[in-house]
Amino acid sequence: MKIGIIGANGYGGAELIRLLHQHPKVEIEMLISNSTKGTVLTDQYKHLHNIIEMPLEEWNPNKIQSKLDVLFFATPSGVSKEMLPSLLESEITCIDLSGDFRLKSEGLYEKWYKNKSAHIEDLQKSTYGLTELNRNEIKNSKFIANPGCYPTATLLGLAPVLKANVIDMNSIIIDGKSGVSGAGRKPSVGNLFSEVNENVTAYKLGTHQHIPEIEQEIQNITGISAAVTFTTHLIPMTRGIMCTIYADLKQKVNVEEILELYREAYKDDGFIRIRPKDNWPSTKEVYSTNYCDIGINIEERTGRLTIISVIDNLVKGAAGQAIQNLNVIAGWDERTGLAGIPIYP
Amino acid sequence: MKIGIIGANGYGGAELIRLLHQHPKVEIEMLISNSTKGTVLTDQYKHLHNIIEMPLEEWNPNKIQSKLDVLFFATPSGVSKEMLPSLLESEITCIDLSGDFRLKSEGLYEKWYKNKSAHIEDLQKSTYGLTELNRNEIKNSKFIANPGCYPTATLLGLAPVLKANVIDMNSIIIDGKSGVSGAGRKPSVGNLFSEVNENVTAYKLGTHQHIPEIEQEIQNITGISAAVTFTTHLIPMTRGIMCTIYADLKQKVNVEEILELYREAYKDDGFIRIRPKDNWPSTKEVYSTNYCDIGINIEERTGRLTIISVIDNLVKGAAGQAIQNLNVIAGWDERTGLAGIPIYP
Amino acid sequence: MKIGIIGANGYGGAELIRLLHQHPKVEIEMLISNSTKGTVLTDQYKHLHNIIEMPLEEWNPNKIQSKLDVLFFATPSGVSKEMLPSLLESEITCIDLSGDFRLKSEGLYEKWYKNKSAHIEDLQKSTYGLTELNRNEIKNSKFIANPGCYPTATLLGLAPVLKANVIDMNSIIIDGKSGVSGAGRKPSVGNLFSEVNENVTAYKLGTHQHIPEIEQEIQNITGISAAVTFTTHLIPMTRGIMCTIYADLKQKVNVEEILELYREAYKDDGFIRIRPKDNWPSTKEVYSTNYCDIGINIEERTGRLTIISVIDNLVKGAAGQAIQNLNVIAGWDERTGLAGIPIYP
Amino acid sequence: MKIGIIGANGYGGAELIRLLHQHPKVEIEMLISNSTKGTVLTDQYKHLHNIIEMPLEEWNPNKIQSKLDVLFFATPSGVSKEMLPSLLESEITCIDLSGDFRLKSEGLYEKWYKNKSAHIEDLQKSTYGLTELNRNEIKNSKFIANPGCYPTATLLGLAPVLKANVIDMNSIIIDGKSGVSGAGRKPSVGNLFSEVNENVTAYKLGTHQHIPEIEQEIQNITGISAAVTFTTHLIPMTRGIMCTIYADLKQKVNVEEILELYREAYKDDGFIRIRPKDNWPSTKEVYSTNYCDIGINIEERTGRLTIISVIDNLVKGAAGQAIQNLNVIAGWDERTGLAGIPIYP
């Protein structure tokens, strides 16, 4: 299968290249980057020297349609909504890693992204690609809105208790901690080593664009519209997201019952690892892989549930899940090209 | 004033030495370390070469009583409860940075520290040294139980809304993120660079010994016994603690009203800096200093208050606050010896 | 092929497990760790949860001989010299990642390792496993002394100019910079996060045990006994070694001539990547892979050659090269199980 | 004494502010930043909230002359050569932290800085401010070219053996390792956290603009024109420089003789700390201070001297030394405002 990547010069693009290069069923056919077109990939990424020496090309829909089966959009917000619709009539499968088609309402996008939305009919065409939760829809889609990194960790962490209807829907608080690679490769003072190192920063309190994405999907799972508190923190590491999720239990249950709920919910999902009691995952334990590890705690003192959910933001939170979705669409084993063990230490 | 430090070979001890050395009113007279007695300080800490060349001595209560005015305990849990009581009849002011005398009930200590408590009458003699909240008691005390690092950040962050009675007391959740220096200098696999770097870990969920300390002081402030959820995370940095605190507001208020509450509550407290609206502190912004910086957010969507409180765990969370307490006891300006600007970057 | 690992609880062991697990021709049959025997692997390494759940067994030569084809020693100095000789009469291929059999003289080992050497006849039986330089000997060996991390980077960096006889043999200076994982997982104050972070330390000046290894192999390549200066530095990262190598050129040559020498020398070596002029490698560009990247500079002002050679210390500097050697011995493609792309960023 | 800083929004400027604020003899009167004029300092540096709330002003020579006694230039290369000459006729003492006036030849500047030089007569007016080596000239100067960070560590490390004429002048190699703050606060891909973390990079081999500065001062010390090899490496930390310096000894001497040379050379220099035999400094041991720590090794095997010299690049390598120079000019104790203990850990 012939694939292309637009936004190949960003971190999401580079991670797609890393993972697709070792995928036995695909061939990287075209790399597109309007901002660095005319350069070669190894000008941007010296680690690919001698491995992948390809030009970075300009966006050209005709060429794309004649040469590719699949196009991944690893572009910043606001790009795919302009470019992707022109491919929707073609045979090409589009997997969009940006946020442009995740929210199913124009108003919601415009409120949270502070930018004009894609057309509502195009929003409706896309399938939200959280693989474990939407596998059946994904199987029959050729246009995937790949989930955000925080929503992936959050929704996988919450889904079993949402479905089981055991938590107070007004009590959900998500405290997210992220490495810096999620901010991309575009230089800014806030992402300089000297600013991030030996530092933890809270940012976008109450205004993060992943809030409506989380709330939309919670509603899709439960049918209930609930507002969540979601706070994001930048911590001094490159990769990894941990979401610490708090919710009030509606009734007294013990940890083993909740853990059993999780094990059952994810029993066919090879990338979800439920930790035993009193064992909480750390981000390094999923480093460079498509795993989402989940640990659970219940406090008797407060009757509150705490869920620790970790992913590698560039893999399960972006490129890895995109490939997992391609695997589902193509009918391949979901783990194809994604079978590595976490790098540790 | 002649001071001594026991536990001078740990990080808390080293930080006391750094700060006391530049304190104009005191003289470091004796450094005590049973585990490394017979060595000199610069064997343990080469950065002090040519600056402070002193022997590390053995614990000797008679010598201490004859030579010192003040003794700081920078010892691990379980040490001061054995040693400190022998000094309580003397003239010496004791400031204990460990947790041995913070909890005012024997049972509470034994439950959370898994160790035999100090005698109840000695527990009662100590003053909980959160300077901004207990300044008057501290002024007349000669035995200070210096607060834990997390409780310092948490209680300073919560006190104004606790006193103003504007939050639901059953809704308090504290998500703590700490640098590694809080774990001390004793080697363990979990604190190795290779394990901590590029990693975030949740630990001691629901069992951290700072939980009863926070709850005890919340009760002292409000008169109400409330259970809090408190989750701690280790992040890849050396110094700094951020507590992100969540609570449900009992009524609709706006951010400016809450900020005004904080500015008023801390108007005479030079080390507390309240940030303006939409400005949240990061730990690097208080690095190496005794500041506690606090930022506030209110979400209309959820009616929830978020408080961001940051300190340097070794300064305001340990040695700095201990010295601030000494300044109060001695009647000196509280900022004496603590006037540095944060190291940035 | 059935393989075992002794020292499976260390970082070298964990890296062997990561790489061998994705190797299509081998099966991990036995994990041995005397110090943590009786536990299971996931007690030591939670990142392997659900992936490799195996017990850590005790050393048992009979069992090893009956079950294994290959045994990797990922043990600290001083262990394999006691245990490995008992297997030399068996059919088992032994690949020793420690330094116990690298030096071909008992006196040299005893001088630099401060410990009794293996027997001289056993030292002679081993083959020094720097694959690119000794491929033919390795092919016919069943006992490999796998090179040290610094010697690997250094010797691959120097070999072409040593063979071409273009540098002054008395002028070689190697300035090594290493991540902390090379020091292993045994806790020590010097490897704590708080000590390593925001710090660079020079250590073992003139006394590092890799000095005689480098000098021995330089002599094997050139026939000349030359003393080198070798200085090691610990820098705040987990993985990666850079050796910056300085040598005086015996005659005037230009960079392109030297680069051509390198390209020619390594033309059949898929893991060695020679960078073009004015392009120097960084350690992150080989992260998690078996690559050794080399860049060259010549200063006209001083007539001096500078070579920058980088590896991942746990891969090409340990586990990866060990597997590369196994591939050579077994007659498989050298890249089998080692074909990943560097993790970046 | 009334001082001003131009370039107050950079890291050098921020460090001057930190140190001058606690200097008892000066008052910060004016902060200048053309690029961020009209903002206030705390917009750029939130850590100064409530401590220093000053506007960032535009460059105005008349205002400067009427209000200031001293002006520090903490500007990027190429700025002070345009602005500073207009002040040379005034009474103002100018201390330039940039490289614009360090090289005493126009051609040298133009070759290495790739930019037009200041006028030769202005170059000649400045005094090279390496305090320990040029104290007498500095005392009578009102125009200081403050040394570069690498030259400071290198020259302090080399001066005693240069003066004693014990090394081969053609054998000097300096291997520099630096934290990232030296690159300033201007965003660039190369300084992003995700690129620097878990990475070591060699850069500007043979072309670094500090090479001619080092060679010029070696000539000033010895009268001999010698070419040095100088290689710079970026390591994943914010502050600190280590220079590992190699040189061939002309005759056999032992470490103690060399150490005695250093102790004697710096016996009146409170900021230079010579380590005992087999004790080498690390950068964290001088963190945030004006110390330069030096350790020495001699290898009998090679007859080579190794010197380890460490500084905090923002203090002794920039702002601290600039203030030390002001103290000399003003006739104050050199340690005024610079007496802090290194932050450790």
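In this document, chain identifiers A, B, C and D correspond to the written order of the chains, with residue numbering beginning at 1 in each.
By definition in this document, a residue touches a chain if its C-beta (ideal position, glycine included) is under 8 Å from a C-beta of that chain, and two chains touch if they have at least 3 such contacts.
Note that the coordinates shown come from a computational prediction; the quantities given were computed from them, not determined experimentally.
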Longest centre-to-centre distance from chain B, chain (CA-based): C
Distance between chain centroids, defined by C-alpha means - chain A, chain D (Å): 45
Chain C-chain D separation of Cα centroids, rounded to whole Å: 38
Separation of mean Cα positions, chain D and chain B [Å, integer]: 36
Multi-partner residues of chain C (at least 2 other chains): 11, 179, 181, 194-195, 197-198, 236-239, 282, 284, 287, 345
Chain contact graph, described as a line, ring, star, complete graph or other shape: complete
Chain D - residues contacting chain B, complex: 11, 14, 17-18, 21-22, 45-52, 181, 185, 197-198, 238-239, 273, 275, 279, 281-282, 284-288, 293, 339-345
Chain B-facing residues of chain C, complex: 11, 179-181, 185, 187-189, 191-198, 236-238
Interface residues, chain C side, partner chain D - complex: 170, 173, 175, 177, 179, 194-195, 197-203, 205-206, 227-229, 231, 233, 235-240, 242, 244, 246, 280, 282-284, 287, 295, 297, 299, 301-302, 304, 306, 308, 310, 345
